[in-house]
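We just call them A, B, C and D in the order they show up, numbering each chain from 1.
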């Protein structure tokens, strides 16, 4: 994976910490909307990590495949990804 | 634009017809959630048109740019697009 | 519909104008990503209109139903709406 | 929180397990799009948990507040939530 490993790991660990927090909230029977807000905040962190992963993928893997003259597979993958993201 | 023009035009005209329908619903003071449902249905149609436009863009413009040996601009655009779609 | 009619109509007419613009772009065979950007901009306008419609719905219809002592139907509708929005 | 605790906990633990898996993928320097796919799969699980939390919230908290004759706060919260979800 071409994105900065330390940054992605930091985001993942933050997300994991939040999930542990939500598990605790469930155990303590906290208020529905507080749980919901934390669930959405965790989704945002994963979204941010995904954005960084894809940005680096474009900059490295796709670019290299193009330069090396074998871009077919990468372009096909990107097409599937765009399809998924615009669904 | 590389997507099938007839198909995109059909979707756009359907969306426009729905917007005319919603304008009429507003005028007739129809129920909020009926208006909301039509607004969301129209968004779905535009989303579908966008998906088709991007699919064809990948198949044609991006592929051609790669084959022609000048993919830089296309790759940069795709990166911005992915950023927008994962925001 | 409880949202400000003039405001919603203005947004709908803007969206319709944009769709007419996109139809013209298709006819003129404009660049894929320019078409895509306009499609996403139009989606944003409809999204904004929907947000306003739902906000007013909460303030008026739901509140009135609650005050009048017959909130069941409204609550059921809201539940379905939340389901749809979080899907 | 009114949703089934066991079900929500199961989803949260699955999401946490996936995040651990993604951390391992990052460590092993796995392919960008495999990491991205797992990130999106984890988002889907959290989305599902959120949907269940909100559904139960509507069925219990909101309904009870309405029956008890003090729905104001709940309705205001729902309005903010809808705003967020349609943003």
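In the analysis below, contacts are C-beta pairs under 8 Å (C-beta built on N, C-alpha and C of every residue); 3 or more make two chains touch, one makes a residue touch a chain.
Not measured: the values here are computed from a predicted model.
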item: Separation of chain A from chain C, taking each centre as the mean of its C-alpha atoms, in whole Å; value: 28
item: For chain C paired with chain D, centre-to-centre distance based on mean C-alpha positions, whole Å; value: 24
item: Separation of chain A from chain D, taking each centre as the mean of its C-alpha atoms, in whole Å; value: 16
item: Shared-contact residues (touching 2 or more other chains) in chain B; value: 47, 50, 54, 81
item: Topology of the chain contact graph, where touching chains are joined (line, ring, star, complete, other); value: ring
item: All touching chain pairs, where touch follows the definition stated at the start; value: A-B, A-D, B-C, C-D
item: Chain A contact footprint on chain D (complex, rising order); value: 1-3, 5, 8-9, 12-13, 15-16, 19-20, 22-23, 25-27, 29-33, 35-36, 39-40, 42-43, 46-47, 49-50, 53-54, 56-57, 60-61, 77, 81, 84
item: Residue ranges of chain D in contact with chain C within the complex; value: 47, 50-51, 54-55, 58-59, 62-63, 66, 71, 75, 78-79, 81-83, 85-87
